[in-house]
Amino acid sequence: MSDIKRVVLAFSGGLDTSVILKWLQQTYNCEVVTFTADLGQGEELEPARAKAQMMGVKPEHIFIDDLKEEFVRDYIFPMMRANALYEGLYLLGTSIARPLIAKRQIEIARLVGADAVSHGATGKGNDQVRFELGYYALSPDIKVIAPWREWDLTSRSALIAFAEQHQIPVAKDKRGESPFSTDANILHTSSEGKVLEDPWEEVPDYVYSRTVNPEDAPNTPQSITVDFERGDAVAIDGVGMSPATLLAKLNDLGRAHGIGRLDLVENRFVGMKSRGMYETPGGTILHLAHRGIEQLTLDRGAAHLKDELAPRYAELLYNGMWFSPEREMLQAAIDHSQAKVSGTVRLKLYKGSVNVTGRKSPNSLYSEKVVTFEDDAGAYDQRDAEGFIKLNALRLRLLGRRDQP
Amino acid sequence: MSDIKRVVLAFSGGLDTSVILKWLQQTYNCEVVTFTADLGQGEELEPARAKAQMMGVKPEHIFIDDLKEEFVRDYIFPMMRANALYEGLYLLGTSIARPLIAKRQIEIARLVGADAVSHGATGKGNDQVRFELGYYALSPDIKVIAPWREWDLTSRSALIAFAEQHQIPVAKDKRGESPFSTDANILHTSSEGKVLEDPWEEVPDYVYSRTVNPEDAPNTPQSITVDFERGDAVAIDGVGMSPATLLAKLNDLGRAHGIGRLDLVENRFVGMKSRGMYETPGGTILHLAHRGIEQLTLDRGAAHLKDELAPRYAELLYNGMWFSPEREMLQAAIDHSQAKVSGTVRLKLYKGSVNVTGRKSPNSLYSEKVVTFEDDAGAYDQRDAEGFIKLNALRLRLLGRRDQP
Amino acid sequence: MSDIKRVVLAFSGGLDTSVILKWLQQTYNCEVVTFTADLGQGEELEPARAKAQMMGVKPEHIFIDDLKEEFVRDYIFPMMRANALYEGLYLLGTSIARPLIAKRQIEIARLVGADAVSHGATGKGNDQVRFELGYYALSPDIKVIAPWREWDLTSRSALIAFAEQHQIPVAKDKRGESPFSTDANILHTSSEGKVLEDPWEEVPDYVYSRTVNPEDAPNTPQSITVDFERGDAVAIDGVGMSPATLLAKLNDLGRAHGIGRLDLVENRFVGMKSRGMYETPGGTILHLAHRGIEQLTLDRGAAHLKDELAPRYAELLYNGMWFSPEREMLQAAIDHSQAKVSGTVRLKLYKGSVNVTGRKSPNSLYSEKVVTFEDDAGAYDQRDAEGFIKLNALRLRLLGRRDQP
Amino acid sequence: MSDIKRVVLAFSGGLDTSVILKWLQQTYNCEVVTFTADLGQGEELEPARAKAQMMGVKPEHIFIDDLKEEFVRDYIFPMMRANALYEGLYLLGTSIARPLIAKRQIEIARLVGADAVSHGATGKGNDQVRFELGYYALSPDIKVIAPWREWDLTSRSALIAFAEQHQIPVAKDKRGESPFSTDANILHTSSEGKVLEDPWEEVPDYVYSRTVNPEDAPNTPQSITVDFERGDAVAIDGVGMSPATLLAKLNDLGRAHGIGRLDLVENRFVGMKSRGMYETPGGTILHLAHRGIEQLTLDRGAAHLKDELAPRYAELLYNGMWFSPEREMLQAAIDHSQAKVSGTVRLKLYKGSVNVTGRKSPNSLYSEKVVTFEDDAGAYDQRDAEGFIKLNALRLRLLGRRDQP
């Protein structure tokens, strides 16, 4: 243990990572470098600086980075191009944030000459896997400290006792057991634990924080448009925005209309089932909108291949395999398909639901002339259908001759 | 042409298939046998009998069958077990009906010694493919007559003129061009054509027939439970029902809450894009409910394999490949997974949306003890996570050593 | 440690598992039950009984089972139906044996009331995973002892010293370091380690044990036939045989003609690459023969689906996931496809290679009439090809209109 | 028909395409432009020029292009990167040539202002599909003439009568029925028809043209090395060569050692089974060699994803979908994986078989240190295996608790 000199800690400034900070200093007798990322979680980050400094972290070793634009542009948007849904429903809001944090921690470790990295994820969840696979992929010989798998502060009271003993401020509302735990970033807020643990019990109202109850949402639907360029959203209602600004705006819209709530029992990579509640207001709109523009601009072959690859892609992200060759291969295939995925989608938001109501594109592959039952310029001859069916049927007929009574 | 003696026509009793009936008699100088199926489309079928008789079909050659239970039990339910969605969104309501109609037509053809079958699907759509692949698979040497690909009654006015000339009654509302065409059965109603042809234009209110406008749905959410046994729904709110009764009941619930509307641009098997609107009230609830019970009772390996196979399965159904060996292979895999998919799902219906709010099962694989952060009986040791991560990371570390700066 | 009372050890009777036997008795102070399986590895098993008895195992606790028929019938044949090749080349000879050993160990544990099982696989290989996943799947709360991951006898000399200290006989040829290690059963012999560790160095001649050098094989090719029923081989040259007898016979044939050698660098489940040499004489013939009969009797849709699923199936077996729901699902799909895979394949064996030279079947889907350029009875009309091509081309034409210069 | 002014014909100079040339001039009363490609089929092409001129084709309308390098570099090599095998065995030698011919025909059509293209493929095979899908993808509104689907010269004698009537020279050996038909290019020669039509009958010796009989091959094995850079072969025995030169050299080696013969019953895209014989001497070596270098340099995740995608990729090529978005997507994924696939493979050629006997690479991911049973620098701790297994087993244990007796 004693050979670790300097460790970069993913530091939120909250109670847990503050305790970890102190524990690392004590247990490893090493210098701690803190890294606090703004991923759009909606919290003030400057208090983290004060807290780190108070606990003896050198000013030049306190890193607070606004990564919102990078997060949306280089992580969320590529994932959205894939239409990725884990287990058919989950938009992967937590999974997609971990690789970026890991990447930045490794960059900082190189910058400050640290030989280790640390995080505050528990020993039962997926996040430890996602963080550490990221660390190892980007810096194969880095040392990794996962305090929750090592220490004995596993009960809430032990943790708080440790904090008090070391003059770590404990907010009043943190003294008791929280009825659930959350993770938030610009894409979503997830909640799990305690009051959510019985998958038969309905999620209590007070757990929701990012969306209004659909019943309290406006009684009038709202129509919006989203413009896409090469698979990425670039404008809302015709107003161009940066990726993070756009997603934040969609979040506002989704929040107001109660969109993006998901109550899920999912399969963790570490082998157990867990129950969580996710709120992904803007991401839910974006996902639907992207499907809408692809409907018009993506060829069937490309679309169906994407649909077949999407579950695998989602699984890789969920399992923390962002920095894996196979995720990159899938991304290369997906990105190749998006060159013409440009145009405008109109969506209706209303009391918890979002639906595409129209789409148009200069790259549309939809042709009224071809589809119409009226005459067309020879692109489609109905008589061709007979040959098409006959040859598609041929193998079934040969089978039938063999097998039918 | 003259060698066809007797043809079994899929006969709805409507104008188009009535004209086809007459046209077959004339053009092929053959006996026509009519088959009218009750698939839950919600229309009186006895008028079809009178009409057929009036047009000279022998009483013993008029078949009117109630196939609702078979349809739901042997076609819709197996498809629901697969969580099949075509192009991510469409519940395949039309696709799933065609194989059953084709199968029954072939049975009748055998019964009455017919040498041909016929249908009223157009030459540009998917249904001609689905009908005919079914025919050929089940009776490889049957003759198939597809009037819409053969005749010259391709304009509405020519069709109506032919009808009048042959004393075929034409309902007043069929005299003009219909602003869209529909297909209905117990699973869904689909609408396409004319007023729906511009994919940017919103679907007009009057096109919807199976669901109330979500804005007009009750202001209070309704909670229901659905019980499953071996992957199939068997009860609503604890009341056991036959498959078709159950789906009809879900349809009522879905209709009232405006659930299951879908505006879609899709890729037809025949190669073009088309725009359709689907209303699948009960099926939408069922799909979500099935996912809900699988979350609790299906192992991750089974669940993820199902998710990867589902797009392929959906494509096969859409393309009319129900009676293909590969669909049967996928079904065998899927059905194998459903042995323990039993239990109860609670759902909330509200103004167009349906959400799972709870699930329980005697076969649950979810374990509060294992997932909880508190102590458990040794099933999960947090220290195992380190080895798990380390070995999952090994290949990435070896890659990193080679490729990282 | 002290709470283990009785452990079932997979016991080969060789030096390593003899040392493990003693070590278990000493370290865990528990009763050891030995299980020795005849999987066709071609060794006398009775010496294992004497050795176990000599080391104090009760006679009724010594299990020696001939599992050859079960092994071939219930493990190798189902795998052969899948045409499984790991990483495109490897016939999975080691992987497929582990689940059966694990299953029998668990059965014996139940029989004798043991609370633990143990194996002699090392801590770096795949076999530990395969054994233990089998144990846990079949007996979730069994205790597993993996001595190679626990003890300090990790050098050869320490191991031999321990053996001598405990009067465990050490064969003369086991005193030195073996230049490579092997595993054998009726399907294959694998070799790895030491002299094979440099993947650039050619495998030395003396490593091969199951096949003659192709250069020393007969100068005249030999033709054989293999009959299949429902996907399984049942006869050679028209002579019906039990599964294990048949595979043994194919092994003789393959050995004589130098068939089935494979020099491979493969990816282990535990994350590293390793280099091995495999000899699978009979299995190589069987694999080709099965493909041959499928060519004639399997429909394209089934065949292509099988080809797409085969790599996944192979990966599952390699990773020790035989007793997983997803392997069973794939097996259900595969087995469904084999109902008509019956007939006769003729193969030519010659100096290391095996080739199909003919196949026939009462279930053949091949039709000379249909394929011939001469006239046929109307199953295929060349004009149908135009429509088939036109509709398959339609989406590409629409794409071309949009994207071509 | 009369509206076609100028047609570009894929013209081999043989009897069939000569007849087609004349038939086009007569039937369509149009100007014919001939295109003859050197794809390494090993025939003199200048006679085609004389013949075309003799039949009235303008000198500036006779195109004879050496496409060998483009063919190998841009078509065969990308396919080899994918390890594509159709139905597990076939190296796609015919399929891969068609897209290039189609592409060049369209280029020429643009150059000379032609409004149509034509080819000599029959109405029952795959090649008509491959040509025409290529045409339509690259020039959506081109007219396509497929004489074999149109004319009445379908018997050999009618064809020869037509030829004689129009002073088209008929080689003596073309007067009778050929006992089989062939297609050749630098990758392979395929043979099918007549004497090959009974899949039980062994392929007669005289059908083989590209390889010696293995029994007549040298009695001494030959070792060669192939160097790869980024997935493509670049040198043999250390001597760098252009793609086509390299493949030609491998063909010489393969021919001498009787390598690459394949007797196959395959499933055509048009729906029937056919039996063919393929000789792919150099390609067979290349395929194995590429797998060999990937074993060392490709990560498991990438390798397994490639293995799962390869059957689909092969099917797309076989079906003529080279110029489809989904083939391009798969290619993007595959090519992404090849960045480090560089190094040297050694292979042994002997009497019909080719085997990898060694591979080395500066990019090797194989680590003797990691794999060895001896000590290593901490990359792999055997104790990690326990946690790895335990968490992989967790879901199986939870299943077992539910389902095991």
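The chains carry the letters A, B, C and D, assigned in the order they are written, with residues numbered from 1 in each.
Operating definition for what follows: contacts are C-beta pairs under 8 Å (C-beta built on N, C-alpha and C of every residue); 3 or more make two chains touch, one makes a residue touch a chain.
The UniProt protein names, listed by chain, are A, B, C, D = Argininosuccinate synthase.
Source: prediction; values computed, not measured.
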Those chains which touch chain B (Argininosuccinate synthase) and also touch chain A (Argininosuccinate synthase): C, D
Interface composition of copies chain B (Argininosuccinate synthase) and chain C (Argininosuccinate synthase): same or different, split at half: same
Centre-of-Cα separation between chain C (Argininosuccinate synthase) and chain A (Argininosuccinate synthase), whole angstrom: 40
Separation of chain C (Argininosuccinate synthase) from chain D (Argininosuccinate synthase), taking each centre as the mean of its C-alpha atoms, in whole Å: 32
Touching two or more other chains - residue numbers and ranges from chain A (Argininosuccinate synthase): 267, 270-273, 299-301, 304, 312, 324-325, 364-365, 367, 370, 380, 383, 385-386, 388, 391-399
In the complex with chain B (Argininosuccinate synthase), residue positions of chain C (Argininosuccinate synthase) that touch it: 267, 270-273, 298-299, 301-302, 304-306, 312, 321, 324-326, 328-330, 332-337, 391-395, 398
Contact set on chain D (Argininosuccinate synthase) toward chain C (Argininosuccinate synthase) in their complex: 83, 87-89, 122-124, 128-129, 132-133, 136-141, 146, 148-149, 154, 193, 197-203, 214-215, 219-221, 261-267, 270-275, 291-292, 295-296, 299-300, 303-304, 307-308, 310-312, 315, 323-325, 346, 350-353, 355-360, 364-368, 370-373, 380, 382-383, 385-386, 388-389, 392-393, 396-401, 404
For the chain D (Argininosuccinate synthase) and chain B (Argininosuccinate synthase) complex, residues of the former touching the latter: 299-301, 340, 363-365, 367, 370, 379-381, 383-388, 390-392, 394-399, 402-403
